[in-house]
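Dropping the structure in here first, questions after.
Should a chain be cited, it is by its letter among A, B, C and D, assigned in written order, with residues numbered from 1 in that chain.
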Amino acid sequence: MTTSRPNKTPEDWWSTSIIDMKPGMIRVRGYAIEDLIGNVGFAEMVYLMTRGELPHPAAAKLLEAALVSAVDHGPQAPSIATARMAVTCGVGINNAMASAINMLGDVHGGAGEQCVSLYNAIAERLGGAAATDSRRMVEAVTLEINALAQQGIRHVPGFGHRFHPIDPRAPRLLELVDGAAKAGVVGGRYAAIGRAIEAQIAERAGRVIPMNIDGATGVIFAELGFAPPLCRGLFVLSRSVGALAHAFEEMQSGERNKGPIPRHLTWSYTGPPAREVPGKLE
Amino acid sequence: MTTSRPNKTPEDWWSTSIIDMKPGMIRVRGYAIEDLIGNVGFAEMVYLMTRGELPHPAAAKLLEAALVSAVDHGPQAPSIATARMAVTCGVGINNAMASAINMLGDVHGGAGEQCVSLYNAIAERLGGAAATDSRRMVEAVTLEINALAQQGIRHVPGFGHRFHPIDPRAPRLLELVDGAAKAGVVGGRYAAIGRAIEAQIAERAGRVIPMNIDGATGVIFAELGFAPPLCRGLFVLSRSVGALAHAFEEMQSGERNKGPIPRHLTWSYTGPPAREVPGKLE
Amino acid sequence: MTTSRPNKTPEDWWSTSIIDMKPGMIRVRGYAIEDLIGNVGFAEMVYLMTRGELPHPAAAKLLEAALVSAVDHGPQAPSIATARMAVTCGVGINNAMASAINMLGDVHGGAGEQCVSLYNAIAERLGGAAATDSRRMVEAVTLEINALAQQGIRHVPGFGHRFHPIDPRAPRLLELVDGAAKAGVVGGRYAAIGRAIEAQIAERAGRVIPMNIDGATGVIFAELGFAPPLCRGLFVLSRSVGALAHAFEEMQSGERNKGPIPRHLTWSYTGPPAREVPGKLE
Amino acid sequence: MTTSRPNKTPEDWWSTSIIDMKPGMIRVRGYAIEDLIGNVGFAEMVYLMTRGELPHPAAAKLLEAALVSAVDHGPQAPSIATARMAVTCGVGINNAMASAINMLGDVHGGAGEQCVSLYNAIAERLGGAAATDSRRMVEAVTLEINALAQQGIRHVPGFGHRFHPIDPRAPRLLELVDGAAKAGVVGGRYAAIGRAIEAQIAERAGRVIPMNIDGATGVIFAELGFAPPLCRGLFVLSRSVGALAHAFEEMQSGERNKGPIPRHLTWSYTGPPAREVPGKLE
């Protein structure tokens, strides 16, 4: 998605192909906003805004499933806890949502993006080979997992979960991808890649470490051709819904200045013992 | 949406009716996540998460229209400009989105919430009177607009626009509400209130100051029963799409450390003339 | 602190009396930056930047004491917990600090600002009366505490603490103010006001509810003439130090995706029991 | 700065050596807070909180100079512009400051951290060689600049400036370092490294590209032994002062919803021409 940059005048400091506006007119990627409202769904709008074209309706449904799947993971998740704490501190709901999504860095929220990068790398190694070419697939997967290991990345992003032995969201998402591939809406190449990774991890580890939400949404995003940074943003959009819901609920509770843990729980202090400030005035 | 609080043990620091989780199980408002994925749309999920129940499909479509309508308003909007600047500063896309929505305070983004509060106040004054009871309607609208004026609020939130003589998004949104009211999906009371406000503003001002995006999405949110703080959050969800799209586009441009204005433009300095620091060491 | 606004050309979109710059030149409030560096301290720079003039050195020391006093209150504080959580989520240290201070809303961090507003209101009622005029002082304090009560504010900001029977920071800060008043550096009026409030709260409550960090820094800020919103900002500057220190320390721990509570602790679910999604496709 | 982790009970979710608290007691790195207040300056407090020990007073003065130097760079800087825009959007001053520092990513604000990493890498190559050993110094600098080039980094962080032919802050900061080295407070090794880099850049480029604010504060931070991530945080602390001052000033101006550029300036639209939404309902 390259932005063409014609010679701009100094007044044209910003340049975008997303939106055009004149008084009384708003066009998004060329479409009049009043024609989009009520005619395209939210997932289609997300696709149009980020990709530049309206998607095939069935592709939109896949994207929508991915957006629905990641909205919440409970108050233990840093993003959700932050949203709840924030409203008890008296900030606005937009600030609570902002604080929540500001948490979605490479570790808490980055796995979907990292998965798609991994899937893309494997797809590139596969080149023109069929996804059913086991030898080529195993080879491509092996090389890329090894490459991760060399970067010190021990856990393949998208697989395994600290809380769920099997992440209940992943099989359902894959089922939808399989259906879309059967209908010819997507190619199915990335679903095959994801499964091949899962198989190889199981071999190496001696036990199944199943695909998780990031691995599964990553399959959808890759099938739909979303670049990795956009995948992070799509996870953020999804998790924003949970942030909003939890922030609003906490707002209703009337709690004030709620810290992360009950006050009767302490923290472990591991610093120097009590000592005097040198030269302090008595 | 009151959170019931049974006697909690100290371990139960957080209490929520939104999500229940055990290893391998995620239920949102009682529904298994894997049953929601692929069966409910994003707007329905937003409604379920924030309100606690799945909406009528036609109500979901109205909500979806509102979410689609507010996604972008160009790089002049503080939220969008912030998203674009942020990525040129080298922060992650989630941080760019967070910075953007952190801007959506009472002035840039608060009007939808303020509208719904106004609509609710007028509806309360109307009591059981029919929306077609002009006398009661005019009276209720008059009293509330006067109340705003007494608080120093000169511009009724939801009407008029600095850029658009007619905001192209509003008539289309109202058209959808009218259709939903005709089909009995919503009551139509708040559409009537919105129009009555517009009529009275025109009388007072001597010219039409038409309903804008906030007034129109406010009608939808009020018809659907969303509390005002949630309306702010819904606007935030919508605008997050624009933040993501613009952040990603700017990321592709390769610009670095892009400030808000071209560097050849200066700012006006209105401070003291050059002076010496007293007692500085030579 | 009014910004004079001469007629600006369109190029002069921003107007400020804080800083003037040309290539090779930076002047802050008229002073060359290279003359400030190494000649004025950080508290003096804060004062110069926010107030427009360099402070008396003893006034700077009072401000510095206030800035030192509020840097940290442990990982139970939402701001500090947020900073620690954020780095485990893989965001940059600036993002962790930003998330932390985004928490400092009206409830967690707003009390200093609210105190100064209260002190100012009492001072206004006192008018020209001496701070030693008990009758006038009690009357002014009484009226303002009553005014707070009428707004539904039951706890006078700046007094009492959920954790400390006596906040160890407050007496020391007041001691410094008393010293400065004795030396004629500040008037001492606001210290008297603060003490008068504490006395009246004790009468009303039947027990001492001592001044806390916000009440004490509020006395300093009021003595130095800082407007209430600036007081919030000064607390933010102070707390940013704690956010940085804790973020960096957590960064060294190697923890990943650390939520707010141990995972073996659950939350209390108070929502609907398990139920089926209507009309889901089998 | 390793945090020792004794076996924690589940209640001790957080572990820190920074602060110890009991009701009525706050100790920072072992020192009672009431003994620090009024006896240590802000820079000393920053050092104590981040490093664990109180610094030598002269070292504190160097740190203070660095903190003073970077507070502001005008409304063209993304961080400052963001702070100003934010308050016109109706958010709190803490939110405006948070949005500002959220901008300080690897590009806008990261150079100090990157410099210190570079200086450290050169120091490591130098090993035990004297800073005056030109041959070893040139060799170490050459290797590290080449290493940067291999990573695609064309501009050595800390040198050159888009706006200032000579950054007025850098020579003054180096002068202070030289004074401290002469007094034996710091070693002077990193000042030598910085100058050697500047010399070699000049050779390669055929013109002087002088050290800038990041290169100079980087020398101070490296002389004082601050790890690179902390250097980012110190720049953030400094810039927060500018964010506060500008936010407060803009707050006084009464502007509302101020975007980044004057509204008469447009942006350049480079997207598709006007087109119809397929299948829209008429």
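For the reader, a short list of remarks on this structure follows.
By our rule, a residue touches a chain if its C-beta (ideal position, glycine included) is under 8 Å from a C-beta of that chain, and two chains touch if they have at least 3 such contacts.
Computed from a predicted structure; not experimentally measured.
In summary, the chains found to touch both chain A and chain B are C, D. For the pair chain B and chain C, the distance between C-alpha centroids works out to 29 Å.
Rounded to whole angstrom units, the spacing between the C-alpha centres of chain B and chain D is 35. Across the assembly, chain D contributes 3, 5, 13-19, 32, 36, 38, 40, 74-75, 81, 91-92, 94-95, 98-99, 102-106, 109, 163, 261, 265, 267 as residues in contact with two or more other chains.
In terms of inter-chain touching, the protein chains here all touch one another pairwise. Interface residues of chain B facing chain A in the complex, by the touch rule stated above, are 1-3, 5, 10, 13-19, 21, 23-26, 28, 32-34, 36-38, 40-43, 45-46, 49-50, 61, 64-65, 67-69, 71-75, 81, 84, 92-95, 97-99, 101-106, 109, 163-166, 168-169, 171-173, 175-176, 227, 229-230, 232-234, 236-237, 240-242, 244-249, 251-253, 261-262, 264-265.
Contact residues on chain B toward chain D in their complex (touch as defined above): 74-78, 81-82, 85-86, 88-92, 95, 98-99, 102-110, 162-163, 256-261, 263, 267. Chain C meets chain B in the complex at residues 3-6, 8, 11-20, 27, 29-32, 35-36, 38-40, 52, 54, 91-92, 94-95, 102, 261, 265-281.
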